[in-house]
Amino acid sequence: MTTSWLDQSIMHTRGIGRERSIVTHELTEAKQGTFHFTIGPYSQPVMTVKPGDRIVVETRDAFDGKVKTEQDLPSKVLTMPFVNPQNGPIMVEGAEPGDTLAVHIESMAPRGPNPRGTCCMIPQFGALSGTAFTALLGDSLPEITRKIDVDEEGVYWSKRVTLPYRPHIGTLSCSPEIDSINSLTPDQHGGNMDLPDMGPGSITYLPVRTPGARLFIGDAHACQGDGEVCGTAVEYPSLTTIRVDLVKGWTLEWPRLETAGMIMAIGSARPLEDATRIAYKELVLWMEAEYGYDRWDAYMMLSQCGKVRLGNFVDPKYTVGAGILKTYLVP
Amino acid sequence: MTTSWLDQSIMHTRGIGRERSIVTHELTEAKQGTFHFTIGPYSQPVMTVKPGDRIVVETRDAFDGKVKTEQDLPSKVLTMPFVNPQNGPIMVEGAEPGDTLAVHIESMAPRGPNPRGTCCMIPQFGALSGTAFTALLGDSLPEITRKIDVDEEGVYWSKRVTLPYRPHIGTLSCSPEIDSINSLTPDQHGGNMDLPDMGPGSITYLPVRTPGARLFIGDAHACQGDGEVCGTAVEYPSLTTIRVDLVKGWTLEWPRLETAGMIMAIGSARPLEDATRIAYKELVLWMEAEYGYDRWDAYMMLSQCGKVRLGNFVDPKYTVGAGILKTYLVP
Amino acid sequence: MTTSWLDQSIMHTRGIGRERSIVTHELTEAKQGTFHFTIGPYSQPVMTVKPGDRIVVETRDAFDGKVKTEQDLPSKVLTMPFVNPQNGPIMVEGAEPGDTLAVHIESMAPRGPNPRGTCCMIPQFGALSGTAFTALLGDSLPEITRKIDVDEEGVYWSKRVTLPYRPHIGTLSCSPEIDSINSLTPDQHGGNMDLPDMGPGSITYLPVRTPGARLFIGDAHACQGDGEVCGTAVEYPSLTTIRVDLVKGWTLEWPRLETAGMIMAIGSARPLEDATRIAYKELVLWMEAEYGYDRWDAYMMLSQCGKVRLGNFVDPKYTVGAGILKTYLVP
Amino acid sequence: MTTSWLDQSIMHTRGIGRERSIVTHELTEAKQGTFHFTIGPYSQPVMTVKPGDRIVVETRDAFDGKVKTEQDLPSKVLTMPFVNPQNGPIMVEGAEPGDTLAVHIESMAPRGPNPRGTCCMIPQFGALSGTAFTALLGDSLPEITRKIDVDEEGVYWSKRVTLPYRPHIGTLSCSPEIDSINSLTPDQHGGNMDLPDMGPGSITYLPVRTPGARLFIGDAHACQGDGEVCGTAVEYPSLTTIRVDLVKGWTLEWPRLETAGMIMAIGSARPLEDATRIAYKELVLWMEAEYGYDRWDAYMMLSQCGKVRLGNFVDPKYTVGAGILKTYLVP
């Protein structure tokens, strides 16, 4: 159904793999072996793919599967910083610093027995709690684990409320150039952006900073509200199918995203206004560079029609997407 | 068309004016006489209305009508702090501290000859510029005035782009108890929230802090993007029709908003994460107090389905709304 | 002892009252009558003085004297926003918008019977607690009142610790132009800066924004740490002696301060980096305008020798002073 | 001269190397070979020492020696992220996660021919400029290089001003557990704190998070103002002599510092209030855990006598130290 817009997407019009016949790879838990908790250039690749290839990835949930029942409290069963396990790194042939990796999420299906979904209130974590950075002297909020049935029809939150199944990938990134960044932190490389727009149908564009790109992926959410206010989404193990492609010589400072109807620039920083500034600045410059807008016309027009998505304001950096409808980009 | 949900709204189910026959008042420019640039208890009321009454207000644009052509630069024709003129204060019979004033916007029509709309880039103002508070040493961005034709069919931004007419009120408030706050600043009283949801069909709930409530209103926008990034919306003079009602004994800390499909709590603060914290905290407490939610269930569920609107991140305080669909509030 | 530097101060070299014989006024509690909790142009003046005059002011403590014993908890005996009572407004003859009012603090003596000093932990207030703006869901910290003996020899904090008597004025301001700002909030007018440098011997320069300047003063502290971390200092009633003078045509955006050895610019904003930016920017521009520094030389040199004082990071806006030793200002 | 207080320091009373005879190691540029631009567990150690040993380190300046004249502009001669080169990692025998490494700076002498000192205004860097995170649309400030003569008598800033030689180490850290963090960023491991207190005579306490501690050191400053406002100090190559010792089982969340007269806790975060919160919270908990203070007594007393040092507000995270005089810690 999304064929038409995909054909016109940046990925398909500028990616070098668009002509190739698709090869499908499987990145099972077994093949992954050791999952990663830090995203950088120092880990061992799990596979190499070509631009245009499809990869079917078995992701673990952000708790690494250790929160099995509502009696499993995070402070008991988790050991920091070993949370948010990542699949990868996946090497992409021909990727070099200065290129951009396109990641199209084709589908996300739940894995494992129900209740597959997990949401926790974790001590000293979450937007309405003192945290490691907003360091306060008060007691922590209560520690609570919720286990939730999830299928492709819905997220069965409680007897009272069923939420729609709105899957997306919380953490997606290529490796930074020399740093290795824990998988809880989003930054210029992508990372733990927790952006609900990053679901099936979307294409994320990630800056390539090391040879081979070194793609990491994990942290599937069955749904998530804007800001992920309590600190966790409905975390679940997924079967996520992606296609990757390579846009040579398209050099990004920050990740970007494209959907059928919108383009979006993504910023991650603290305080939250800085994340928003980054996203809007990147969007203005993008409109100027590639869509024929004068810089100040773009800036003033976004003041009338820009769309902001708050990804998270709970991670070590906060993430905001600033977008514009494609209908306004037509000449 | 909105009759059905309005009948079920907080305003209509709890307001004391719901039984009265509606009296319509006109607050023309002439009747207003002196507009106000600060919102407080020290100004002379322009009229007194009863709960349930309708008021048809002639608002001026945020530039007080002084930016007439694209040659009129803000730094030349404006004198700070005399911007964002407010109609009012309107006294509401029976309103006492501890009550809440409900303001239902029935309609907003453009006034005056075209180009009625004005958007400016103002020196040392806007989210991607150094400002009076984010004080930097660099040069200002260019100063630019755009005049825009506006009618109820559209906002004719440029030859290339017509934006939808999405009117809303930028500034709405009752008086603070003892302070008088310039009309550029949003805070616990409401004020310059610049929230696109505050348009026709919406009901805003404002805390009453002085006898008579002292309602101020102004700053109509023909449309506005999330965050109002360049610092101004499409500002225009409007004929705004509101109905007011009074909910006795409903004591709010911050403004709230209701639409056909959603309830929303509103926070204004810096940094932006604090505005977002306020909005979400107020929403959690609201769900606990009035919709039968356990506090932690509300908190964790909003982490899955909460909706965030960035009103502005350019005013002296930033404004965020956090909302939840009414479908999740049904028992 | 401070005669020599005072003779060279901006106040004495540029103030118009330097030639006059000093007249001393007394602003007793009785003469003050009604204290003020908001700083603005709408209150009734208590006296008029001439540039160069001395005023001996009986200030109340920030709790308006209502916290008399360690059993008096703030939440029981205080009613917001009626805290931090201010003496004034004092009219200064000849003061007009665009001028600067110089306030030299000559001395500060304790008043009233011991324990005169009061320090409280107030619910939802203080830097290591959730607050009205950093809005969280956890419980408040405990509410605690400490009563402390204070004399000019020391602050008798506990059996274990005696702190030095380091008095200063927490709140000092002329009126804003049209706003009236609660006495808890610092801003461009001065207000509740809580800056320990503002003690005997210092001269504060305040922008005049209304005819007569309308000086407000209050909130004496017997001592205070950098940042006033728990939210309150050792608050006490004082006999504070000031001299005022007027620098015609010296137009400031923000308050400034001078001591024997240093000049300091003061900024108040959130987040804290913005307060610091304001202070440093104002200091750079001051050095450029009045001390013969090239702008970039000043900026780079302050990166090597600038002194930062954190006044408070607990009030509705945070206050920072950025200073430079006078020895570096000599040509 | 500092013998007496050193004998009473935490380092000397609790370090396991205090009894050993001191062995002195030399870490010359030649021995270092490859300098490091990221601080983590993945690099090759340069040497192993024992607790109590002395190390004489040849540090390079933060520009890696590439800014040789005032014509060398950073944007021309530097390649990000290859700035702020670090010596190390130095392995410390017996150090294990959960221990603390004490680093006493004995002396810092300038190296190399004059002008040894370098200060630059770098595009999109510094507190009064738009940056990569406070992302704005305006032009950058001018790019300027200053070369400064430095010796142990003074920093010869200009014909007009000689600043005192106040050397300190800008960047000091043990390795994080799994992350590798660029040397521009301070965080829980220490890193680029740019704290002027970290000079000769001081002892820094660093959390050990990997076996052997993996000490990194670099970024000598001949002097620095509070906040390092333009983004750089007087950067210079140094001969820095340190002694290290190991406090077994003393587990810190954040670095701490001790001088003859003061103890200080250090926090690094954005926004700046969060860095300050961390520092003060850590100090309160330290006073409670080790100096016999009740938690709330410590909190309230620091509100009267706490000392705050702004290290930097220009790096990717800002750094603040909160300290208390040792005289208040005596029972």
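As written, the chain order gives the labels A, B, C and D, with residue 1 at the start of each chain.
Quick note on the criterion: a residue touches a chain if its C-beta (ideal position, glycine included) is under 8 Å from a C-beta of that chain, and two chains touch if they have at least 3 such contacts.
If you're wondering where the values come from, they're calculated on a predicted model, not measured in any experiment.
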Chains contacting each of chain B and chain C, listed by label: A, D
Fewest touching-chain hops separating chain A from chain C: 1
Chain whose mean Cα position lies farthest from chain A: C
Centroid distance [mean C-alpha coordinates] between chain D and chain A, Å: 34
Where chain B and chain D are represented by their mean Cα positions, the distance between them in whole Å: 48
CA centroid of chain C to CA centroid of chain D, Å: 34
For chain A, residues that touch 2 or more chains besides their own: 128, 134-137, 141, 270-271, 277, 281, 284, 299
Chain A - residues contacting chain D, complex: 37-38, 40, 42, 81, 132-137, 177-182, 188, 253, 267, 269-271, 274, 277-278, 281-282, 284, 295, 299
Contact set on chain A toward chain C in their complex: 128-130, 134-141, 271
Residues of chain C touching chain D in the complex: 119, 121, 126-128, 141-142, 144, 146, 155, 157-158, 160-161, 163, 223-234, 270-273, 276-277, 280-281, 284, 296-297, 299-308, 310, 313, 318, 322, 328, 331
